[in-house]
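Next, two complexes with chain A in common: one pairs it with chain B, the other with chain C.
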Partner chain A sequence: MEIYLYIALFAPLVGSLFAALFGASPKTLITGLVASGLLFASFVSSALLLGHVMNGHIVHVEMMTWIATGDLYIPFGFVVDQVSVTMMMVVSVVSTVVHVYSIGYMSHDKGFNRFFSYLSAFVFSMMVLVMSDNFLGLFIGWEGVGLCSWLLIGFWYHKESATWAANEAFIMNRIADLAMLIGIFMIYWNLGSLQYDVVFAHIGTLPLAVTTGIGIFLFIGAMGKSAQFPLHTWLADAMEGPTPVSALIHAATMVTAGVYLVVRSNPIYTLIPEVGTAIATLGAFVAMFAATMALVNRDMKRIIAYSTLSQLGYMFVAAGLGAYWVALFHLMAHAFFKALLFLGAGNVMHAMHDELDPFKMGGLKKSMKVTWIFMTLASVALAGIYPLAGFFSKDLILEVAFVEQHYVLYGVLLATAGMTAFYSFRLVALIFHGDERHLEHGIHPHEAYTFMLYAMAPLAILAVVAGMMFKTPYYLMVSELLPAAQYHIHNHMTLWIMIIGTQALVIAAIAYAYKKYAKAVKVDLKVESGFFYQLLFNQYYIPKIYDEIFSKPYLQLSKIAWKQIDLKIVDAMVDGIANLIYQTGESTHTMQNGNLSSMLRWMVVGVVVLLVLAVAFTVAYNNAVNLHAM
Partner chain B sequence: MEITLTHYLVLSTILFSIGLVGVMRRKNMLMLFFATEILLNSVNIGMAAISHYRGDYTGQMFAFFIIAIAASEVAVGLGLLVIWYKRTGNIDLDQMTSMRG
Partner chain C sequence: MQEHILSILIFFPALAAMLGFVIHKDSARAYGITVAAIEFVLSLVLWQWYNPLGGMQFMEMAPLISAFGISYLVGVDGISLFIIILSTFFTLIGIASLTEKRRIKDLIITLLFLEMTMVGVFASLDAILFYVFWELSLVPMLYIIGAWGGPLRIYASIKFFLYTFTGSLVMLVGMLYMAYLYHMATGSWSFSLLEWYRLQLPLEYQLWLFAAFFLGFAIKVPMFPFHTWLPYAHGQAPTIGSVILAAVLLKMGTYAFVRFSLPLFPDASVAFMFPIAILAIIMIVYTAMVAYAQEDIKQVVAYSSVSHMGVIVLGTFSLNVEGISGSVFLMIAHGVVSGALFLLVGVIYDRRHTKMMSEFGGLASVMPRYATIFGIMMMASVGLPLTINFVGEFLSLLGFYKQSHAYTLVAGTAIIVGAIYMLSAYKKAFFGNVTKEENRTLKDVNGTELLGLVPLVIVAIWLGVYPKPVLEPINNSVKAVVQLMHDKAQTVEAKERIPDLTHSTQEAH
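Up next is the complex of A and B:
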């Protein structure tokens, strides 16, 4: 079984290096095919490992020693257990689909080969992240996905906005990663090991304050990667990258790494339920906060990004309340339908010549039937309508909140579920129904390549069946590793009222979205100029506040540092040394006038100096010896 | 008055100084060779004298070597000097500045 582990882990790396060989040359189809093929191999290996794990076996290998000094011993160790195999399946399925899709999506791009190199490198980093058996290996993968995310957001580096977004994402993640590193240091400092099994076995022996500190610092790391408030602004801006990147990295895999970290560290968070409650509260806040921004946004990809943010909030609610398997389950289901939604958006963008404003589209269901069906399916799944994936995973989180008696969280999540349905179908209605507004702009849409649609089909199937088919076997599998808790509402009456009530709310929201946007789009100026609309449309002015509070003072500080410190102190010192040497040269080069007579004179001067030195040192030495003798 | 080692060394030092001043001041190439010879021979005197007073012949042997090497040096040097004179018509040190830095 170890060989499958290595194939699953290293096949993407091989694909990345292969594509990198052709990185500077124009499009060669082979790179896309090889990278996709190797990812498929990774997927097959993951599936075989899944079968192995479901039979109750865990694969744990120590590939080689990494750091061994003194008491510090950290190997390159990998573990495939119930949690990591779930993540491996999600990562490999979505990334295989996205790779095949990208062959079509990027087919006219100059950086075709480079794109595949980055994309496969990302998958490799993600695999390291989820498969590592210690915190430091996880951190390496964590930084690796951060780097690949930076490369891919800024893929079209000639665009100012893309490089800006890439840097924003990278810098925000660095802030959080510092906290995460502190958490890892605290673990090592107190327990002397970073291996998961050792740490989790001994975490109970630590004082509660230390455990709380570890939990908080690790969670701050997770907040950065999963774009939780207040480090959330990068995710919406990251939509500058190519759409397959958004589907793979900023919806399905990388942003869920934070949830994975919390789920993986569940023995730590189980000990500190107060932190868990704080996580859940923040999650619920973010769920609603992001959903409200998605209600009014006019950028197709940003709407989906806010939706991702909102769903990540849901996952953190589940993880914070101790329902780790529910969080992981929603992570999986969400990865499928959200990636599908993004890939559908990619098709629409291609058809619309990169137009992102859904108010300039409309009526696309005629020309893009399959994309319409896929995106509608994904939206239905996202809204959580029976029997699609979202119903099983998202409504489960609502039940968790209810059973754990956090009724405020429940209320917030319920309202958010309504909003989710509304903004999803607002998008679908604007894009696919109503008048063909894009004709005014002279755009004639066309459906994407057939093989791209076939590539999306597995995700569509999974979005439909993942909840219904996988819930029970998945629960049986992960409950061996994660705390097994069934969240049943014992009163049947309450249960049915809740289910029917939620479904009715969601369907009503969908119907309202269709009614408002499916026919003619009427712009209600009174609403749009209102305070709340403007507040939401400007993303609560948070980007502006960050700009004022952090960016501008920092720019001022940098200017001072540049003009006062760098130019006047550092540069002055360096230039001074250089000038001194130049001037010495200027004033002494007359010595070398080629006149033998003056050369001889300098020679004599040299001899005299050496002689004086020799005498002086001899005298000094003799004195020292005499003193010593006395 | 008995002649002691000090007298020899004083003589050697005086000759060395004369030679050194010659090396520094003379502009005529031929005179420069003479000054060099004075320098070498002042050292020879010192060596031979110390060797005699210590009863160790190494110094005197060294003096012979120096005489032999000085002779060959002068032979080569004078040959070059003659060629230089044939080419340029003078042996002024200040004119030899082709190696200016």
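Up next is the complex of A and C:
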């Protein structure tokens, strides 16, 4: 089985390096094909490993030593267990689909080869992240996906907005990474190891304060990658990258790394339920906070990005409440339908010549039937309507909150579910129904290449069946590793009221969205100029606030540090001392001008000074001796 | 030959340099490359022969002034071995990728002399010998900046010389006093470091001596607030000067901390640990901010150098094996990465004769290979895992975390501020549209330049993925230093802060 582990892990790297060889040359289809083929190999290996794990085996290999000094020993070790194999399946399925899709999507881009090199490198990093058997190995992947995200957000590097967003994402993630490093330091100095098995076996022996510290710092790390408030602004800006990137990195895989970290570290978080509650509360807040911004936004990709953010909030609620398997399950289901939604958005963008404002679209269901069906399916799944994937995963989180008696969280999540349904179908209605507003702009849409649609089909199928078919076998598998709590509401009456109530709310929200946006779009100026609309439309003014209180002052302060402090104080002092010495020499060298009489005069002065000093020292010395003697 | 390898390594470049005067100037470059290549191979042979488990090796002793116990005493351990290889490696790379046209023969002779002094400093185990090489190294660098530098070269070179020279004089006084104390304690004179190691000094003496040595080392590193000679030196120095200065010469200061300050004055090291950590943190954060404000890309790299040296100093003063090993490893890593970055800046300077970032923009589309190599080195510089810098930076911070959580948290912002100045500089130079007409026709990196850059890229990734061959010998030698410090320490605090390795394996298990 080890060979499959290595194939699953290194096939994407080989693909990336192969594509990199052609990085600077013009488009060659072969790079896309080879990279996709290797990704498929990775997928097949992951699937074989899944079978192996489902039979109750775990594959654990130690490839070689990485860092060893003092008592620290960190190998390149990889483990395929119930949790990592789930992640491997998600990553390899979505990335294979996205690779094949990208062959079409990027076919006219002159950075075609470079794109595949980055995309495969990302998959490799993600695999390292989920397969490592220790925290520093995870950190390799963690930073690796950050690098690839930077490369891919800024893929069209001539665009100022794209490179700016890339840097923002990288730097904001770095802030969280520092906290994560501190968490790793704490683990090492308290437990002497960074291997998962050692750490989790001994974490219970630590004082609670230390465990709490570790839990908090690791979670701050997770907040960066998973774009939780207040480190969330980079995710919406990251939509500057090509759309397949948004589907793979900024929806399905990388942003869920934070959830993965919490799920993986469940032995730590089980010990500190207060931190878990805080995580869940933050998650519920983000779920609603992001959903509100999605309600009014006018950028198709940003709406989906906020939706991702909101769903990540759901996952953190589950993870925070100790329902780790539920969090991981929603992660998986979400990956499928959200990637599908993004890829559909990519089709629309191509058809619309990169137009992103859904208010300038409409009626696309005529010309883009398959995309319409796919995006509607994905939205239904996202809204959580029976029997699609979202119903099984997302509504389960609501039940978790209810069973754990966090009724406020439950209420927030329920309201958010309504908003989710509304903004999702607002988007679908604006794009696919109503008048063909784009005709005014002289755009004649066309459906994407057939093979791209075929590539998307697996995701569409999974979005429909993943919840229904996978829930039980998945639960049986992961409950061997994760705490196996079932979240049943025992009162049948309550259960049915909840299910029917949620479904009714969601369906009503969808109906309202259709009613409002599917026919003619009326712009209600009174609402739009209102305070709340503007607040939401400007993303609560948070990007502006960050710019004003962090970015600009930092630049100002840096300039002051350089021009005022470094040049005018620190360096000027050095030059000042040097000048002082130089000036002393300049002004006293007349003493030795060779004139006999003036030199004699100075000699007398010198003798007198020396005599005075000699007398003074003698007196002082005698005094000191006398004092001692007494 | 094995027993004289160090002497050969030290004096072969010097002899070759003298012979170089009679070489015709057209073959000077080939001659320089040959000599530097032989020297580099010799240093690799040294590595091959080095026993990673042994202590000080290849020692040679010849009395110079026996009345005062001054002798020619050289040897290497894991700490100096790789810095010696770094010196020979960079001399080779520097000469091989030399694009300078003016007085090439003189330049090569100067570089070979410089190589002698560099190897000499890191191999010396006698304080006076160390001091002689230490000061001699100023002379070739003075010439390189003063003769081949930019318009302000005279000011920059004199500032560089006088500043470091002043610090070294104080250090020399410290050395003389140390020998005097040794004489008082044992009745005989010695400048041998190994003899000095055995001397246990009262805390008060340690503090004064530590301060005297510190001034000499801190100016060389350069530590805040003694760093202002560096931007001028880098600003005026030709590419080759900056490369050697950043890659090797700065390491003399941090190396000397590990070689002199820690084992000679363990109690003083503990006493000064937090003040020095504060200076290190100022170096990290403040110079990173200054780097962010720069308009000249070479100054960004110069200030980033200071910022990274801050991490090295912090790791050194973590006083445990993890941190010191990390800081020694980071010396190598920083040498490779900053050397490469200065070479890269040189590439664009040769083409455009300007280093202002506002003059560039969009270079990624004009010079893709150049942008890629620069990107890799930039990522190494910001400490991405699987690059050489990460190992050193991680271990340095990890080590200091044992001493203070709060300080490490502040120092750890290195990974944030470092990313800020590097990414924004990269964005200004490489991203966006090509705005200047003269940038449209720039040629990508050529063969000569690749000759220098490709090996550096390989090393930066190889040692990031597999640091063991370097880290293991470093680790063993650092263990010896830490154990010596623990044994010698007298104050209770020092005994606590410096771990005892004889029975401290894995407390948790």
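The rule is simple: the second predicted complex is superposed on the first by the 563 of 630 C-alpha atoms of A that agree within 3 Å, B and C clash if a C-alpha of one lies under 4 Å from a C-alpha of the other, contacts with A are read in each partner's own complex, and residues count from 1 in each chain.
Rule of thumb we're sticking to: a contact is a pair of C-beta atoms (placed from the backbone, for glycine too) under 8 Å apart; a residue touches a chain by one contact, two chains touch by 3 or more.
Every value quoted in this text rests on a predicted model; they were computed, and no experiment measured them.
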With both structures fitted on chain A, tell me whether chain B or chain C touches more of chain A's residues.
C
Return first, second, both or neither, reflecting whether A:193 touches chain B, chain C, both chains, or no partner chain.
second
Have a look at where A:592 lands relative to chain B and chain C in the superposition and call it first, second, both or neither.
first
Should A:558 be classified as contacting the first partner (chain B), the second (chain C), both, or neither?
second
Applying the touch criterion given at the start, work out whether A:157 contacts chain B, chain C, both or neither, answering first, second, both or neither.
second
Of the partners chain B and chain C, which touch A:202 in the superposed model: first, second, both, neither?
second
First (chain B), second (chain C), both or neither: which does A:604 touch?
first
Could you say whether A:185 touches chain B, chain C, both of them, or neither, answering first, second, both or neither?
second
Mind listing the chain B positions that touch chain A in their complex?
20, 23-24, 26-27, 93-94, 96-101
For chain A, which residues count as touching chain B in their complex?
589, 591-597, 600-601, 604
Which residues of chain A touch chain C in their complex?
23-24, 64-72, 136, 139-140, 143-144, 147, 150, 154, 157-158, 160, 163-164, 167, 170-171, 174-175, 177-178, 181-182, 184-186, 188-193, 202, 205, 554-555, 557-559, 561-563, 565-566, 570-571, 573-574, 578
Quick check: in the complex, which residue numbers of chain C touch chain A?
159, 162-163, 224-225, 227-229, 286, 289-290, 292-294, 320-322, 325-326, 362, 364-365, 368-369, 372, 379, 384-386, 391, 394-395, 397-398, 401-402, 405, 408-409, 412-413, 415-416, 419-420, 423-424, 427, 430-433, 465-468, 471-472, 474-475, 478-479, 504-509
